[in-house]
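Chain IDs A, B, C and D follow the sequence of writing; residue 1 opens each chain.
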Amino acid sequence: MTRVSAPTVQEVQTTFAEALCAAHEDAMRLDPSIVLLGQDIRAGFPFGATKGLVDEFGPDRVINTPISEAATMGCGVGAALAGIRPVVEVDFSGFLLLGLDQLVNNGAKLRYMSGDQVSIPLVVRVGQGPLGSFAAQHSQTQHAYLAAVPGLTVLAPATVQAAYDALRWALVHDDPVVVLEDMRLYRQQGTLVRGLAPDDITSTLHREGTSLSVVTYGHGVILALQAAKVLAAEGIEVEVLGLNSLAPLDVAGIASTARHTRRVLCLADDPPLFGVAATIAMVAGTEAHDVLRAPVLSLGSRPVPTPYAPDLERLVFPTVEGVVEAARRLHGWEE
Amino acid sequence: MTRVSAPTVQEVQTTFAEALCAAHEDAMRLDPSIVLLGQDIRAGFPFGATKGLVDEFGPDRVINTPISEAATMGCGVGAALAGIRPVVEVDFSGFLLLGLDQLVNNGAKLRYMSGDQVSIPLVVRVGQGPLGSFAAQHSQTQHAYLAAVPGLTVLAPATVQAAYDALRWALVHDDPVVVLEDMRLYRQQGTLVRGLAPDDITSTLHREGTSLSVVTYGHGVILALQAAKVLAAEGIEVEVLGLNSLAPLDVAGIASTARHTRRVLCLADDPPLFGVAATIAMVAGTEAHDVLRAPVLSLGSRPVPTPYAPDLERLVFPTVEGVVEAARRLHGWEE
Amino acid sequence: MTAQVQARVDPDTARDLYSRMAVIRRFERLAYRAYERGDVHGTVHVSIGQEAVAVGVIGAMGEADTVLSHHRGHGHALAKGVDPGQLMAELCGRVDGVSRGKGGSMHSTDVANGFLGTMAVVGSAVPLAVGVALANKVKGIDSVCVAFFGDGAVNQGVLYESLNLAALWSLPVVFVCENNSYAITTSADESTAGEGVVARAKAFGVQAESIDGQDVIAVEETAARLISGARAGRPALIEALTYRFMGHSRGDPPHGVYRTKAELSEWTQRDPLTLLVDAAGLDPATVEALDAEAAAVAEAALAFAVQSPVPAEDELMRGVRA
Amino acid sequence: MTAQVQARVDPDTARDLYSRMAVIRRFERLAYRAYERGDVHGTVHVSIGQEAVAVGVIGAMGEADTVLSHHRGHGHALAKGVDPGQLMAELCGRVDGVSRGKGGSMHSTDVANGFLGTMAVVGSAVPLAVGVALANKVKGIDSVCVAFFGDGAVNQGVLYESLNLAALWSLPVVFVCENNSYAITTSADESTAGEGVVARAKAFGVQAESIDGQDVIAVEETAARLISGARAGRPALIEALTYRFMGHSRGDPPHGVYRTKAELSEWTQRDPLTLLVDAAGLDPATVEALDAEAAAVAEAALAFAVQSPVPAEDELMRGVRA
């Protein structure tokens, strides 16, 4: 668990998508074996996370693929098996399903099945969550499923810096890493310090507090921090733990905040049943059972294919108001 | 929640696989719109769950497919959309990944996305778990992921009768149903009463007890019942709740057993983090927080691609001894 | 060829074809504008330039036949008889939308009109069409299913799995590839090796033809022939060569990034509406009248859409287990 | 043809080819017996009858070239130089297995010998080979990757996506389809529409040839030619017509259910080992000696395997995050 650090001099203001682009760039300069595979990635379509890279690194390293997700993922796994570092970009969550056989059956398992002879330094970047009226097939989350696959590392950055760090770390890691990018974050502004790949990706204590803990990841961190401001005005001091990695999971970090505040709200972007919140809740419950002053609460999305109409879609995913309300309930809980 | 009923006269002894075959047969006699799609299903290969059906129903209703899982699943979804009832058989869990786009993006979402105009009465039968040294790609579980997909119903029968009932119910249900068949159960013997499709699939209280509850599904029920016998000799009376359905989940049933025994062991076939146990634990923890006398414990598989060597594989999945040990720990827990 | 075409089409048919294409054209223009104004949400893919494919193929279909389509599907919906007002309401996320506002531009369904739906995952409607055709065969219903998709779908494996099933089982299904030369910014040449989808389909035992997708009469004639073959158990694939006159979706300029202005203007000279006017010798007054009618239909559609209520909260969990 | 073949092969080469096929034959027989005795677990797919494909294709490869394979992969592993003892130990789930007993019959890997692994999901090794070839190209290494698969994989969409990528990017990759006419109980005719995988591959821009997979010299000659083409950036597909002389896997009888005894015996008359003996004019004494040597290799492999320890408990979490 790292704490938010004090500002340094090399900071720039940028967006989440630009930070990803910068991470690609910095890593590719250092490691000529990195190649990017994806649809329209030379053009940087649609989110700009690869924009301009073809100009610096050329079309042999920034490779437009046909719309062939299964073979592209398999090609990524095979290229990694043969010792280069491919990044496979999948723009929307729904398309990842086409490549899952290759990712899960081959990518995640080859090291183990080979008796530790091979490594698969593959990075898969996937857009997650809603983007705003892109409807059900384009607005899904796959955090819980991917984090359940032995052999995969699953990152879920929440901030500009975390996005950069996640990708830089993934690009020096020797096993497959999936970077789950909440699409609502791509245009988010923040400060970025470019530099070295971090040693580790764990979790960030975004805010300290004593009243209760919100444990979350990705876009949830934004909601939690906004909610914390509202709640602070009411005297409720919220601690916000952001999980930059879901697999491995920072069990010690969850335990520590749970034991500290003794009230835990798990905030996720999928439905609580069989979603990320269930796992956070299990960990918090097991690790802090003896000190908890309230049941662990879980807040997630409604169990529904994401509707197109904005007026329905906004009912599906957690909101700041929803977090505030749940936090109040948790804070006021009397055994 | 149903209780195990007293024996009746029409009982026969049969296997889990034969019970599935009988369910296909009984349903197909009643509903001429049921067709089966799968590889080598005319031959009933490999588990016998469709053996001999082609003789009675002919090759137009029992259709051998090429090895084309994506198109076969899509074909199933399309056929269901057009008003017949296809059953798509997928022999091993690993192959399901090839059909997930069709199942999850189309099958599960079409009713909702169409504004409730269409229904997709598709049944997907998938082998799950280990079979014994079939190695990593053939020995996976997908319960948690599938149960997380809005629009899917996910069943996980544990007994011969439950297998029959699950499939009969699925074959009169109007939305997609995935029947997850633990491959270790196919040859299991048990009593079967053939008859009507049940009204509902929820959970079964396989054993009543006062010391603690094991909440589980599929093969876990077998383990739990065996463990319960061992534990009874030690004076520990285990209640065993078997979830025949994971989605919808019998939240009330879990709550009821948790509040009754006040000690809960969640037993699953996948790793606890991001697995089924996490969700059971969350539900039990939330619903019984005020009365629990110990943290909810979770027992699942080790987070590893299933190894081939029998001596390693047996370390991966829960065993009777493992359940007994966890139950003892839970029973002896002092706050 | 023009002469030949002209001989094949009587004035009534020509007016009818023109009118149906013109409605699509005006609908799409308004849809795009409605997107810019914020009435249509998310993204929008319009089919301006490709109207002859929708109108020609679907014009050759019977009432009992069905259509499946993809992200660029408004034209197919309209050609299949979906009410323009309900379609536009869908694009606007309103409760009178053909899918109650839950599907949007990428997922309109209208079962009553045999429009079974549009899938946004490239290529994924194709096996559904095979399944629909299988169901029709099992039920003994005389109905052909047509699946529309783009050149981008030509490298999705499921297309070939589907062609194989269709040929193997002699299913009443027709696959229509609208080759508009681009999948977003990627040209078909950059992404498709070999001789193209027609040669590929033939190798899978599916009869296949490549045609001029701007010539609505040629499209309809070919489609009629291949659809009747499909009805008799010979599945077929049509590759219609066409062009999208606009960018891929909202925000994407029609030229300048991945295709040139010259290429665009070469193709806009092959506008399916004007080609038909020339081929059929429709007089300017008729054309003007038909255009005005089409514009009125589109305007009425948008007016209907924007007055329709947004879905109430209790719509959220309708059609799904809570 | 025999005369022609004979002219192409000198006695040393013939002995070498025979010996390599004989080792596979004996290895497979013992593997099957070991399964029956309980030393090999789960299931086992042997390649008896198909030895000429493995030996012919891999004989034409260079040391730096690599192989990927599928569930029926023992022959490919042995032909690529994997130690028979380590391979048998893998089948027996022992720690001296080439993959430390973790992969088993369906997942042996031996990177040192360029044997990159076998995938049990039908068709799924194919795109990996494309990726390996891409990596070789990126790294500027002169190395061709060969992917073996069966006729059952011919209807997996990912094969066509992969052919397309290989052709598009001019990759050094060769796809080898061992068409033994059956995928478990399903015949290739029942499952594959159109003219077959060669015609299909050509339509994707990949050069392709169908050859007699029982004639090891013909296989090697064709493979040599196509592999050298692939090295120069022209990916290729070889369809080798062959037959499995045994059932699909343990328990499946060689004939009686989905294929006839007559068909089986027609094919066993085209045993690749005897065909080579005839074609090369190997004398009986030589053959006997080579058979004896092969049998000894296989016996030694099994002896090595069964004396190897089973993996200790601490092997379980090695190579994966706990």
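Just so we're on the same page, a contact is a pair of C-beta atoms (placed from the backbone, for glycine too) under 8 Å apart; a residue touches a chain by one contact, two chains touch by 3 or more.
A quick map from chain label to UniProt name: A, B = Alpha-ketoacid dehydrogenase subunit beta; C, D = Dehydrogenase E1 component domain-containing protein.
What you are looking at is a predicted structure, and each value in this text was computed from that prediction instead of being measured.
> Enumerate, in label order, the chains that touch subunit A and subunit B alike.
Both-contact set = C, D.
> Among the chains, which is located farthest from subunit A on the basis of C-alpha centroids?
It is D.
> Give, as an integer number of Å, the spacing between the C-alpha centres of subunit D and subunit A.
Here the centre of subunit D sits 41 Å away from the centre of subunit A.
> What whole-Å value do you get for the distance between subunit B and subunit D if each is reduced to the mean of its CA atoms?
37
> Which subunit D residues sit where two or more other chains touch them?
Residue numbers touching two or more other chains: 97, 101-103, 107, 119, 121, 155-158, 161, 164, 168, 190-192, 320-321.
> What parts of subunit A, by residue number, touch at least two of the other chains?
65-66, 68, 70-71, 94-95, 98, 101, 105, 112-113, 135-137, 150-151, 247, 303-305, 307-308
> What topology does the chain touch graph have (line, ring, star, complete, other)?
complete
> Across the complex, what residues on subunit B touch subunit D?
39-40, 42-43, 45, 64-71, 94-95, 98, 131-138, 302-305, 307-312, 315-316
> If you look only at subunit C, which of its residues touch subunit A in the complex?
41-43, 90, 93-94, 97, 99, 101-107, 119-123, 152-153, 155-157, 183-186, 190-192, 257-258, 310-311, 313, 315-317, 320-322
> If you look only at subunit D, which of its residues touch subunit A in the complex?
Going by the criterion above, the answer is residues 66, 68, 97-103, 107, 109-111, 116-117, 119, 121, 124, 126-136, 138-139, 145, 157-158, 161-162, 164-165, 168-169, 318-321.
> Given the complex with subunit C, which residues does subunit D contribute to the contact?
Counting only subunit D, the residues touching subunit C are 155-161, 163-164, 167-168, 190-195, 199-200, 202-206.
> Spell out the residues on subunit A that touch subunit D in their complex, using ranges where they run on.
33, 35, 60-61, 63, 65-66, 68, 70-84, 86, 101-102, 105-106, 110-118, 150-151, 153, 175, 247-248
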